[in-house]
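Have a look at these structures, which come just after this line.
Shared between the two complexes below is subunit A, which has subunit B as its partner in the first and subunit C in the second.
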Partner chain A sequence: MIVCVAVVGHQNNPLYIQSFTEADDALKLHHIVHCSLDVVDERVNNPKKYGPTLNEPFLGLLYPTENYKVYGYLTNTKVKFIVVTTGLDVRDADVRNFFRRFHAAYVDAVSNPFHVPGKKITSRTFAERVSTIVKSFGLSSAG
Partner chain B sequence: MGREVSESCVDSLLTEMVSSYCDRFYANKPELAARRIEAIGFQVGHQLSERYTMERPRFSDNLEAIKFICKDFWSELFKKQIDNLKTNHKGTFVLQDNRFRWLARMSIDPSSEDGDLSQDNSAPVTENKAAQATSMHLYFPCGIIRGALSNLGIPCAVSADISSLPACELLVMECIRLYLLSYAHCIAFISTARYSFFSQSRSSCMIIVIFHPCISERALRFR
Partner chain C sequence: MVGTSKRLPAIQRLVEIKTVAEQLHFKISTLLLHGGKVGEAVTWFRQHNGSYRRLVGTPEAVFLHWEWMSRQFLVFGELLDKSSAAITNISSLALGTADKPLSEWESRPAYYYQLAAHYLKEKRACLELALSMSETGNEMDNGAESVVPSAYVGQFARLLEQGDEFAMQSLTDEEYIRFAVVEGKRFQDSYEIIALLKKSYESYSNLKVQRMGSFCGFQIGKEYYMAGEFNNAKQLFDDIASLYRREGWVTLLWEVLGYLRECARKYGTVKELIEYSLEMAALPVSSGTDTQMKYRENGPAGPASLARREEIHKDVFGLVIGESGLSSVERNDDLKITLDNPLHLEIDLVSPLRLVLLASVAFHEQKIKPSAPTLITLSLLSQLPLTVEIDQLEVQFNQSNCNFIIMNAQRPPLAATADDKQGHRVESSSSLTLSTNKWLRLTYDVKSDQSGKLECTSVIAKMGPHFTICCRAESPASMEDLPLFKFEDRVETSPTKDPALAFTGQKAIQIEEPDPQVDLNLGASGPALVGERFIVPVTVSSVGHAVYSGELKINLVDVRGGSLFSPRETEAYSLDSHHVELVGISVPEGKDETQLDTDEINKIQKSFGLFSVPFLKCGESWSCKLEIKWHRPKPVMLYVSLGYSPYSFESTAQKVNVHKSLQIEGKTAIVISHRFMLPFRQDPLLLSRIKAVADSDLPASLPRNETCILLVSAKNSAEVPLKLLGMTLQEDNEDTGRPCSVRHEGEDLLEPALLVPGEEFKKIFTVISEDDSSKLTIGTACVTWTRDSGSKAASVLTKQTLPDVNVESPPLVVSLDCPPYAILGDPFTYLVKIRNQTQLLQEVKFSLADAQSFVLSGSHNDTVFVLPKSEHILSYKLVPLASGVQQMPRFTVTAVRYSAGFQPSIAAYTIFIFPSKPHFKGAAVGTGG
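Then we have the complex of A and B:
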């Protein structure tokens, strides 16, 4: 189950953060996302340790905390997608699939001529698409 | 998510954009018109590069990014690849397209307005007029390339040169240290790049304008 989704720009500026839990720990999730940015930078700048996945956008599991797992994805334009899940039965293939659909939604949101690059994404269509993708992630992995 | 538009609509839009900016909005200020058109191209290139790099693995260096522009990006935009890519391995690239799609339908009336030109002079003069008239149409693709490359993390300056009408050359210069150059150094840098690259070309008209935020308006008038 995904609890938080974030899009971070290439200067580590947040472009979109959305949490999907009813609890009030949004700040804790933001903190987890922020810490995971360091891990992304380390993965990208140290190719020797993580050889085979050097040029792939999907970075895999970044780090597990006690309740959550954090997955990362780095696009060609240095935009990072971070996903925080409660990781009991999350499969790699599902996360990849999620990131693919999320990337498509992000590209459509950025292609909006009224979107200013570097500023937050304020499109409601994007928010609705993301919540649809998040909901269907939960369903497909449970089945 | 894709809807299709006919190519003639795109051609008409581009022609109208250039003519509006040059004749109506900035009628006596061609440099400003060129700057605005290039800025529009920058935004378009920025967004297109997001879309067209979606399925690809990350680029390991600048040359790969330039090759992406020459092959995949150009095929998506113009249904063909760049015909020739040259580099000096120091951050400058020349992209040559022998039949640039947006110039393919342009022609210049060869008869000149003043009738006292002799036969010997007419060929280079008409080439000059052709280049001046069509150079405004090249700022948009220059902006597209600059936007795409800057989104991939490569700040650069792009300029264009027309040798014979449907063919054009685009010069991409990475400006890693450009912000440290003073105005005088900028001019020297631009001139050496010009002469080293275009000494063999047969073009009689050199119109190179470099757009970069650190270059002042005075530099733009240096041609």
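Then we have the complex of A and C:
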């Protein structure tokens, strides 16, 4: 289950961050997303260590915390997507699938001529689409 | 664990199992790490952790579980820490398996310390719960004190004293929990947590993993805050806040600022309290999707929302304006801004408080004349959530007499400011109200009398009686985006209404110098001549300004750039490496002042001069002469600048500068050339000429013991007439025993010869080489000349060293002998003499070509032998057939021994034929050659 989704810009600034939990631990999730940027940085700066990742935007599991798992995705324009999941059995394929759909939604949102690149994404349509994608996470494989 | 005895009650049994597991795990991990198998160790730890983390146990003993978990992480972290020194290359290890890959963080101790701290926090929370539940903790102290670890690992027992005997008695679970709670109370978990997080924090800092480090720092800060150590907490929070500010994580920054604000409040520092509060109030948290959330771990900041920002804003302004009604501040008496305790905030270009107040200042022009007014636009922007009323604005410039104050017309003037700001212009504005994200634009005019740069340094806003914000002025052209807000999706507005000004506006303006009212004249005319002291008259005449402490600066600069000095050509002028040099500055004599001033000459260098100008009243003038000497023909730029102050002698007085420049050509006046001539119709065979035909660089060769003529000519290559005073040939001193004699042919000049441009002056010298030396030094040609302008001009000596010549003895000398002229029809004798000067027999072939103007008798071709040291004469009889200048038959001689052909020059064959015998008056005409 996905608990937090974030889009992070070039200066490691949050462009979009949304948590999907009932519990009020959004701040903690923000911290986790922020910390995970260190791992993304390390992977991007040492590409050799992490095998043949040429043109592979999916960064995989960034780091496990006590309850959460953090996955990363780096677009060609060096915008980072971070997803925080909870629950035991999260499969890589599901996460990849999620990122693909999320990327499409992001591309549509920033293609809006009224969107200024580098600014926060405030589109309501994007938010709705993201929450749909989050809700359907894992369903396809489970069903 | 199957088959363990059921002797122990449930809780203690679990404790025992875990203790045993811990022991085993410790040993396995140590062994694995010792063997360098980090990957396996981490996998093993993960397995260990996975199998026990869910064995929480009964609710009243949960804290024991968390304590145990924390210990697992701590111990493994320490083991890794110790072994990581031995394992240099963790990252290259194959980590994990395909489906469960290990991240590199799991091989770093910091990760484990951080989690150990996390579990310890859980333990603390559970222990507190347990403590509040067990009201009876104190009663059982006596019983608990005697509980000791028993002989078996993980078991505890009560120690009973029965006289000298000790006996172990097993515990019930209830007793054990009581014991554990009491034990737990003894430890200060906060410090343990801080210590763990610090280890992690330091480790992350060493790895330069700043975000995780910051998270640890944040947790440490929170612990310190809860422990009441606000100073430690504040330091950590300050560091972290700067990272969050830089990366624009507003929600995290909000939380940290909340803590910082509380620290400042607890510490009683009003300034910081207000700074943090203002920053919080100006943070962009109202927009965005995820900011309306409620935090479970709500810090002192409260929820990040617009309402909360407004609340903070009201709090702060209540405090600074001095109104009471600050519920949270009231309890501390120190937190007041009064007359004795005024508050002054500085906002510079990197301050986070730029959000609170941003001042952009733009002059409407880039350059003005002194005392001319120009417009300045002052734009203020604030991101505070509520409208702010400013009582008074003070605009400060680097020239303090330009400062002015803008009063808010709606507020009564503040009495406190009236006396200390006296003398400054006071403007009044109908409204000084700052709305959120809306520029407040004010335009006023400014003028300055002082030339130079006029720059707006800061804008000071006064709100309330004792609160001021000094905001550094920024140019709209180079203004950076607001931090944090640059990521917000908001309407961007420009600080000035005129968009062009918003792009190019500057906070500084250049105020020009007053126009000079002094004329500077350079009076040189025409090109300079190399060698002379060229005089450039400089006239300073005042037409409106008096000249105080005037100073002339003179500069000579090569027109083509570069210096006047070229190292390659130094050998010719080793003493004097500058091609053009400033020789002196002379002041017309007869004035008393100039005598005083001459010792004020500061400097004259080769290409630079500094000269002081005496005091000149309005209307007076002064002149001096620059003497410049050229060593090489070369154009130079002469720059003369006069700096003076128009009003007083003070060194601080403003200087006015006048510049003049003049390009002066340097030209060669006299070109000296020379030529050697042998006796007419007599040609020696010079062997050196035969051998090196191609090499034209060879020095001239002269035959030995022959009289040669040296022709030195001096040509006027200047554009003005020159007077030539004399020409001599100087011997070089170093060569004392000269093997040749140079005789002057003719007298020295009695009176100077006038040379118009292009004209040549020639002088003849005779050179006879007498010695056996093969080299002959001729000497230096010296020409003394002067301009033909006035009698005053000093004479100039131009020297040119003539090249050395070779001397050799010719083996053969051929001379033609014929009368100086002939008469049509009259036969004459034409003799060719071949003289052999060697000790050898010379075989000589000769031939004579026919000439159409002559009838000839004699042999045309033959070979003759010339005996040593003798002369062979070939004799021909010629009868001229035509009159005028005619060519005699051409004669060719070939010396077989030297295989050298020889043909005399055309001039030697030329003869004039008179149609009839001429009748000369006076002396008889000689017939010999």
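Assume the second predicted complex is superposed on the first by the 135 of 143 C-alpha atoms of A that agree within 3 Å, B and C clash if a C-alpha of one lies under 4 Å from a C-alpha of the other, contacts with A are read in each partner's own complex, and residues count from 1 in each chain.
Methods note: a contact is a pair of C-beta atoms (placed from the backbone, for glycine too) under 8 Å apart; a residue touches a chain by one contact, two chains touch by 3 or more.
Just so we're clear, the structure is a prediction, and the values are computed from it rather than from any experiment.
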Clash-or-fit label for the pair subunit B, subunit C on subunit A: fit
Larger contact residue set on subunit A - subunit B or subunit C: C
Which of subunit B and subunit C A:Glu56 touches, first, second, both or neither: first
Partner chain(s) touched by A:Asp25 [first = subunit B, second = subunit C, both, neither]: second
Partner chain in contact with A:Leu74 - subunit B first, subunit C second, else both or neither: first
Cα-centre angle that subunit B and subunit C span when viewed from subunit A, reported as a multiple of 10 degrees: 50
Touching partner for A:Asp108 - first (subunit B), second (subunit C), both, neither: first
First, second, both or neither for A:Pro117, with subunit B first and subunit C second: first
First, second, both or neither for A:His10, with subunit B first and subunit C second: first
Overlay on chain A, subunit C to subunit B nearest C-alpha distance, Å: 9
Common interface residues of subunit A - those touching subunit B in one complex and subunit C in the other: none
Residue numbers on subunit C that touch subunit A, as the complex places them: 91, 101, 103-106, 111, 115, 118-119, 209-212, 214-215, 218, 246-252, 255, 287-290, 293-297, 486-489
Subunit C partner contacts - residues on subunit A that touch it in the complex: 9, 11-19, 23-28, 30-31, 34-35, 37-39, 42, 46, 49, 60-64, 66, 115-116, 118-122, 127
Complex contacts: residues of subunit A adjacent to subunit B: 10, 54-57, 74-78, 103-104, 106-108, 110-111, 113, 117
Of subunit B, residues touching subunit A in the complex: 1, 43, 46-47, 49-51, 53-54, 56-60, 151-153
